[in-house]
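In what follows, subunit A forms one complex with subunit B and a second complex with subunit C.
Now for the complex of A and B:
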């Protein structure tokens, strides 16, 4: 299988002397879903930010491979949804303006094709044309999440990194978002790296799981394997506490 | 007997010269020693109910109810001092947003110590009493999963991450040894280990000291592991209420069914990566509420009659409000 992203010996030292991330190495294949799990404050968000280049690492290499095998411009091939994505939407801009920004910065599309792409993308994430004229305060949480998703996929990235994309969502909207991501993966061959505390969803959509503790990846493997035969104590604890909540008759 | 009993609670918020019904005839009760879950989508009014109980509703909002009582005593027109007394001794509330409900200028340690009622402090002399307060605080912090108690006690609210704030709020609720704990989304964003620990702690309190718990959340897995009964809210209306196990096995309201279907962990027949069943559309805003049953525009079973608000129906201790409930055809 072709890899879209290779990470070698990634390292980051925080100002807080007690915390150091890495060295971390990993590979992400085309169309693959990878879940990052772990306890609070273990460096998950930090790793995500390093992956997309929002923070510069102190060591190691991240290489992105385009579908044609060459290394492409990073803004277009890897995109991120932040932990509190609705905060990341500028309240003073209309949805159209929010979505146009990455197009202006990364492409030389003309106005008509930009508008067309924005419209297509809105439809793709299950919104309507009219939403282009909305502002943040006019949208529900779930709709804001969709705008954040639209902004992340409008450049047709190869990799989408999402930090707790489901945490703030209501159950019914959450199922819609999960379905949408699964559909986009099928249609666009999108690789999807996501952080989540919701192990039910992780089990449902992830191919692989990475478990983090104190800035390190302490365990990784196929979802089913990790759920059935967790190796590390922390993984065992996470999985067991999840299973203990699942009603017995459905196990 | 019901400790907390709310019947037909309606809350209206002024909006552009008019009033919007944010809560529409909500019913909710918590019995002694019961763990009740209150669930519903974001914006359905869960936190508004909590504010109504705690009496922290802005003056210009309109609040009416046939009944809203604590131990038989009406909460609607309490004197300030009596309310304070009830809130100190009987009802502990863990608010949803720890940062905005903690005092920003006082250390967390002091805030927890202050919530210990004096009847629970040992010793005659102030140094003995101070030591006793400190000890209780440390013990409780350990209980909620904070090991570095010193750092946390010295810190101010804004210096701590969200999940620590949540745990401190919980600690403040515990030290008061209340008769009921109302916890508004206490485990949002927590990883499973801590979450399970908090849930176990609450369950243990309930079992050993029969503290009643109103657990507000939309984490169904958490809820079903601890709650005896559940009340489901949609857009400010109570749509279904009853024993947890009945609602899970046999939801009668289409929204409850959608809610339960949304948790992949409840289903063992679900192939990985398959589409999850769900209701289309999204929750209407308060400014554009549909008339009649508020689920109407999203409901797969909706018919003409649904433009009228469905009344409450009872089957034993299971109540629901829907014109065309699920399973009824099978009866």
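Now for the complex of A and C:
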């Protein structure tokens, strides 16, 4: 497996002097799922935003590697899903227009092929092509989540970064979304970095886990290893609290 | 993509259609719109409808009362003024002047104000807050006062008064646009567009402007009622349109001397201004509550 993303000594200093992110170094391999877990206010969302380039880091380097090993343009190879997908969709634009925007900015496709790709992407995320004419307020939460996903994958990125993609969804929609993501990951060879508080899902889909505390990665490793032999106190606490909620025989 | 109709019985209104549906649900707003539409139509078609030239003097019928008076005549529907000119025709032409100049004034003020406001809203830091505080202090002064000061400097006349009112209206548009753009820039969908690689210009035209159109329509109608009032007021104060051109405020001012002798000369232009401003305000208010209703859902 080759790396698609290398992060070296990433640093970010907040206006609040008590908090500093990093230095963080990590590598993401092709087709890998990485979960970032940790308590609130530990810099998980900040790390996600730094990864996709929504915020400029104060130090360190993020390099993206395309299929041919070169460093590719950032907009196309790493895409983000926001924490609240309904806030990330423009209320005044139809779904077709929302999905057209990344294509307009990053590709030279003509109108016909753009429409075709939008249609294909909608079908890929389990919606109908009629949804292209809908506006945000006409869609349910699950559908909005799918539109946000469609927007993220329409440029065929290598890495998808998602900030709590499953947080505000009911259990059935949540498992639909999880399955959809796993399917897309298999089809497109996506690397998937996600933040989650739901350790059940993390255990189900993640290959690797990063545990964060106070802006640092305090523990990382294979999912099974971390779940079975947590090293750090905070990791132990998180996993204990998860296991106390789950009946023991399912573990 | 051919438009398939999978759900035939379902109706999915766009945001604009939704606003219109909510607007239509209010009878008062709809009545206001009808009044405004009929006044505008009458005013715009003045050259076709008017039975006489607004400037044609007929010395045989001075101060003829309107048609419902026993001594009125059908030839002069709303009577004549002190020089024997047909009041109905004069009213139509005057409403035409007032309405068209007001619309031009509002459109120009909106274009300039929104441009400045958008730039100020996209910027951060000192330059933005300087613009903000400067214009907020300007907004504390009534537009009519600013307009009078500007006319006093530039000299009276219809074109000068139009410039004056345009300048006086700009701060409002800057203020609302700046606040709106600043508010929207914090939202996640803008962040998402930024990650798509949109420049600031593209952000404004592609992402923010479609959201802002409704706010602009509401502010535009409110500004229109202010513009109508201000243009009439300047005309009334002899600072606006000069005699050969007819204008509602000027019409009112010219007949004020004979108010006791021939009250319809004063009453009719006054009523015309009243209904124009009232209907514009009702439409603006209806639009505002319609939009609020839509946003709530």
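One rule holds in what follows: the second predicted complex is superposed on the first by the 250 of 251 C-alpha atoms of A that agree within 3 Å, B and C clash if a C-alpha of one lies under 4 Å from a C-alpha of the other, contacts with A are read in each partner's own complex, and residues count from 1 in each chain.
The criterion applied here is as follows: a residue touches a chain if its C-beta (ideal position, glycine included) is under 8 Å from a C-beta of that chain, and two chains touch if they have at least 3 such contacts.
Bear in mind the structure is a predicted one, so any value in this text is a computation, not a measurement.
Once the two complexes are overlaid through subunit A, subunit B and subunit C fit side by side, free of any clash as defined at the top of the document.
In the superposition on chain A, contact of A:115 is made with subunit C only, not with subunit B.
In the superposed model, A:209 makes contact with neither subunit B nor subunit C.
Seen from the CA centre of subunit A, subunit B and subunit C lie at an angle of 80° in the overlaid model, rounded to the nearest 10.
Residue contacts after overlaying the shared chain place A:99 against neither subunit B nor subunit C.
Of the two partner chains placed by the overlay, only subunit B lies in contact with A:242; subunit C stays clear of it. Contacts of A:48 after superposition on the shared chain: neither subunit B nor subunit C is touched.
Touch criterion not met for A:21: it reaches neither subunit B nor subunit C. By the touch criterion defined above, A:40 reaches subunit B but does not reach subunit C.
Of the two partner chains placed by superposition, only subunit C is touched by A:135; subunit B is not. For the pair subunit B and subunit C, the least inter-chain C-alpha distance in the overlaid model is 9 Å. On subunit A, the surface touched by subunit B in one complex and the surface touched by subunit C in the other have no residue in common. Interface of subunit B with subunit A (complex): residues 41-43, 161, 163, 188-197, 199, 218, 220-222, 224-225, 248, 258-259, 261-268, 270, 272-273, 275-280, 282-283, 285. Considering their complex, residues 1, 3-4, 6-7, 12, 14-15, 187-189, 191-198, 202, 206-207, 210-211, 213, 297 of subunit C touch subunit A. Those residues of subunit A whose C-beta lies close enough to touch subunit C in the complex are 52-54, 75, 79-80, 82-84, 87-94, 101-102, 105-106, 115-116, 118-119, 128-130, 132-135, 137-138, 151. For subunit A in complex with subunit B, the touching residues are 37-41, 140-143, 164, 167-176, 178-179, 182-183, 197, 199-201, 203-205, 223, 237-238, 241-242, 244-247, 250-251.
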